[in-house]
Amino acid sequence: MTKELLEIKNLKTYFFTDEGTVRAVDGVDLELNKGETLGIVGESGSGKSMMSLSIMGLIPNPPGKIVDGQINFKDKNLCKISKSEYRRIRGNEISMIFQEPMTSLNPVFTIGKQIMEVYKHHQGLSKAEAKEKTIEMLKLVGISMPERRIHEYPNQLSGGMRQRVMIAMALACNPELLIADEPTTALDVTIQAQILKLMDDLKHKLNTSIILITHNLGVVAQTADKIIVMYAGKVMEYSDTKSIFKNPKHPYTEGLLDSIPKIDKPVDRLSAIPGTVPSSNDFPTGCSFYPRCKYAMEICKEKGPDLIKLEDDVQVRCWKYIEEKTFVSKDHHSEKV
Amino acid sequence: MEKTILEVKNAKKYFPMKKGLLFNSSENVKAVDDISFTIQEGETFGIVGESGCGKSTTGRMILRLIEPTEGEIIYKGENILDLPKDKMQKLRREMQIIFQDPYSSLDPRFTIGKTIGEVLDIHKIAKGKEKRERIIQLLEAVGLGAQHFNRYPHEFSGGQRQRIGIARALALNPSLLICDEPVSALDVSVQAQIVNLMQDLQKEFQLTYLFISHDLSVVHHICDRIAVMYIGKIVETADKKTLFEKPAHPYTRALLSAIPVTDPEVATTNEVLEGDIPSPANPPTGCRFHTRCKFATEICRKVEPELKDIGDGQLVACHLYE
Amino acid sequence: MLRFIINRIFQVIPVLLGITILVFSMLHLIPGDPARTMVGIEASAEQIEQAREELGLNRPLHEQFFSFVGNAIKGDLGESIRTSLPVTEEILNRLPITINIAIGATIFATFFGMLFGIIAAINHNKFGDGLTMVISLLSVSTPSYFLGLLLMLVFSLHLGWLPTIGISTPIHYILPIVTLGAQAMGLIARMTRSGMLDVLRQDYIRTARAKGLPERVVIYIHAFKNALIPVVTVVGLRFGGLLAGTVLVESVFAVPGIGRFMVEAVLIRDYPVVQGTVLVVAVSFVLINLLVDIIYGLLDPRVRYT
Amino acid sequence: MDQQVIKRFLKRKVSVFGGLIIIMFILTAIFGPLVAPYDPLQQNLANSYKGISSDHLLGTDNLGRDTLSRLIYGARISLGISLASIGLALIIGVSLGVTAGYYGGRVDNLIMRFVDILLAFPGILLAIAIVAILGNGLVNTMIAVAIFSVPDFARIVRSSVISLKETEFIEACRAAGASDIRIITKHIIPNSLSPLIVQATLMLGTAILIASGLSFLGLGVQPPNPEWGAMLSQGRELLRSSPLVAIAPGAAITFVVLSFSLVGDGLRDALDPKLKN
């Protein structure tokens, strides 16, 4: 029996700017069990990064604000806890690594100091103890000669090395949840493979749950247990990894998979999704994917569909299935059309 | 009958290191270090490699946006490095480039019409009404239209800007198009549109492409022949089928196995390459890949391997094949 | 690091040479005959010839230049035409006062400037921000020669708390220091504020927060050291500016420093003194900048290891 | 796009206020002789040391000259020097900066070393040195202030040219065979205009500070011309008897300089919204 670690209900994170309200995250639900890896896939403006910052409680305010919903982490609603309580969780029980290893480390402190700090603040370790643990951690993420490396500054390290340092820092206190926001996007292919392998190894070693956020379906195919596909601030499809790649339900997921060239299944012509990704302050009314959808119906334009459960682990937000389902059974999620 | 359109012979580009006044080192960053390849008319020739391999420098050398330190660039039988200014100017109509970043590749202060029109002005190709018609024709060719003529770049999405960049490159009716990571900065769902557009245009205008990318899947989809580069050197050249089915160089193999496969049921070989990419400012001796190669022997550390034909037009620079 | 320092020192040499050339050629750039300009229109041909002799204008140009440089390195800047005393001696007599004022102003400006800047950044868009920024904007815009007069009017003439002019006691230093430092204070406050705000937006600050560090550690340790780097540059550059700014302040408060000495020399066309004072101020400025660069290198590992 | 800049600028109330003050001063400078109640140079010893009265709104000085009238005429001189010298400095600075930045290498080294040498004379020192060579007076003050301002412009333009030169749209132009002149005039200069406009605005204020400073020291515009710095210098002697003679021009300088910085800051935010704090 797996235990639920994180449950997000109807999360809404909005940004209030001069140009209007940006619904970066617009009613997202998700669940994550202990030891699981959840992949969140989306393109620019899908709200996937804002999702992760919402969980971390790091939404820049103003202009951003969580306007509705719950983030339940181990029976605690993170939206309700005090600032100091949140600080004790961040970097300790939930950690995060970012896309840009080049800018995510403080340039004026040695990497040793930056990792030791975590031990000092969360575990109250002395300098010597923290140093010892830091060296251990750096060894764990595959950095050679850690005794020497702790005295180096971030600009002396390559991008891949910096991302390893970020991982060491994030995993220092053995958190239960690691959020990785596009951790390999800025890296070269061979380095990306190293980092993905490292994260997978460490996950099994430390039994950490991971939320892996990416725009690259290939990155999650091998590592994630479940996948969420986001588009325009909403979850379009939520499914286990196997079925999403084998049998994508949502037209967007289907289009996304079809538009990637595959070496093992060459085609003469890619089937592209027409149109452009909507900009985040101008989402279409109705279903946000409707203008680019090849199955678009009249209803899609007027009204956004709800997320409905198709099978045990498969949920989808599309009128196509709601219509089918309403004939089959009266699911409480769906509405009669 | 295949006809060679471009031949790059022993091209090198050394950038002088940033120097201090006192320690005036004579060291160079060998961005591109003695590479040769040929491109046939009508084909799509791919250059793949990771950061610092010199693929973008190569593309820019061919257009003389960066002057090569040494070597020859022979376009249709003529070494363009010897050309006087006026002849080079004429030749520029034949070769154009499209860039990676759709945001910095268009002047934010120029309307789309003006951006494309400028190219026509420089070569005095068309004027007035004729010019406008030609621009609209180009916009339509890339899937845009007359309604976009007076708009500014910031009003467009990344994919649309890339279309504009392509229209600008096509304005001079070139034969050879250097495509420097043209889809890397785009959203996945838009990448496919641009790739399709490029394939359509290739047929329509009989274009030859030099396609520079780090993304092997895209290269596999669009290219006929491919060169793999690693820190300033070509390590392998082959046609697509050969390269992907029987890659010879250990680096090529590692690169192929590092591609994330979009199928959870395919077991990955998990052949993960160790170590970092060395800096081109201080490349390893001998074979530049030896620091990361599991087959490396004594000779690899000392002697630089030459590109050799191992059959089927597959060229490999590796001591394993000697 | 040593390599970085040596490199910086060698970069300064051409600048010092340039300054020397410029200062040397001042005499030769004067329209007409410098000797005549100096002694006045009514001077006799003999007097002009004598002045020419004293200035060494009869010798070939390169010879003049080398002897100028040679003497300058030896510390000989010629003789004042008015007093016939060695310029070096005259400068050394006045320099301590000027340096005291400039250092005092730097300390005043740095302390209050950074204080105001941090207050403003932390209270971004709140009352504290507004108030400190109004003060710094005003102090940046008010010319020192006006501020000095205002302060004198209020604190000396009206309230009678502080002496008006001269520099005989330490209390005399208060007004000149505040007057001189005000503008730099405003600039440093604005720099510190925008530097802090800029740093607070960086990715590594987000990382620091994601680590669960307390906000004071995030701001006073992670952000502050980064924000300090540009501020150090400004403080360094400002110190040179303050050295030059003493020219105005010394005139306002009738302080017998090097600045006033220079102005008087310009007014009576005592060229050796003008050259000497300009050279001393410019060279000190360059050397201070060198020092600042080295400190910058110590603070910022990115500069050191490139 | 430019409408948006104006819209953003108008949102910043203090900058708009600064702009209004500058417009007021400019109008005063242009129409000064029409509004000034007295001749600024006319002495009237019987009327000396007067305080504020309906006849003399800002009183009179030791020679009985009307302070308000002198202030109004002074606006002409101060703003005139400021505009002329910054205009001159812009032409020289931009040419130097563009040349250095675009061609790089030895040309760049030569120009920037020269600029470095000029910058080695901090603050007002350079202006004093120039006046020491050229002599005092209105035109020489202008030249001194112009040369003083050149290095700032040269450096700003150079750095924006260097960053622009690397952009892909400039490469695209070169690939299309565009000439250097075309690239510089059509692409590089228009795109480096924003920081330049901001800097020029701020420097207009600084120019007034420096020019008046020179005059205050007796090295710039000479009395009896009603230049603000020269008036301050004269007011310094009269601080006990008629403080208004010093306060009026001092306040005027402060206000104008303040307004230029407000406008400059506003323009910076309006032209580059990303930099806004």
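A, B, C and D are the chain letters, set down in written order, and residue numbers restart from 1 in every chain.
Note that in this section a contact is a pair of C-beta atoms (placed from the backbone, for glycine too) under 8 Å apart; a residue touches a chain by one contact, two chains touch by 3 or more.
None of the values given here were measured: they were computed from a predicted structure.
*Asks:* What is the graph distance from chain A to chain D, where chains are linked when they touch?
*Replies:* Each step joins two touching chains, and the minimum needed here is 2.
*Asks:* Tell me which has more C-beta contacts between its two chains, A-C or B-D.
*Replies:* Of A-C and B-D, it is A-C that has more C-beta pairs in contact.
*Asks:* Work out the mean Cα position per chain and let me know which chain is farthest from chain D.
*Replies:* A
*Asks:* Mind checking the centre-to-centre distance between chain B and chain C? Centres are C-alpha means, answer in whole Å.
*Replies:* Roughly 52 Å separates the two chain centres.
*Asks:* Counting only Cα atoms for the centres, state how far chain B is from chain D in Å.
*Replies:* The computed centroid separation for chain B versus chain D comes out at 49 Å.
*Asks:* Just curious, how far off is chain B from chain A if you go by their C-alpha centres, in Å?
*Replies:* Averaging C-alpha atoms per chain gives centres 32 Å apart.
*Asks:* Can you tell me which positions in chain A touch chain C when the two form their complex?
*Replies:* It comes out as residues 56, 58, 86-92, 95-96, 98, 100, 103-109, 117-118, 121-122, 153, 155-156, 166, 169-170.
*Asks:* Which of the residues in chain C end up touching chain D in this complex?
*Replies:* 14-15, 18-19, 22-23, 26, 29-31, 124, 137-138, 140-143, 145-146, 149-150, 152-153, 157, 193-194, 197-198, 237, 240-241, 243-245, 247-248, 251-252, 262-263, 266-267, 271, 274, 278, 281-282, 285-286
*Asks:* Which stretch or stretches of chain B touch chain D in the complex?
*Replies:* Contacts found on chain B: 60, 63, 65, 88-89, 92-93, 95-97, 99-101, 104-110, 118-119, 122-123, 152, 154, 165, 168-169, 172.
*Asks:* What residues of chain D sit close enough to touch chain B in their complex?
*Replies:* These residues of chain D touch chain B: 1, 167-169, 171-179, 182, 186-187, 190-191.
*Asks:* Mind listing the chain D positions that touch chain C in their complex?
*Replies:* 113-114, 116-117, 120-125, 128-129, 131-135, 205, 209, 212-213, 216-219, 229, 232-233, 235-236, 239-240, 243, 246-247, 249-251, 253-255, 257-258, 261-262, 277
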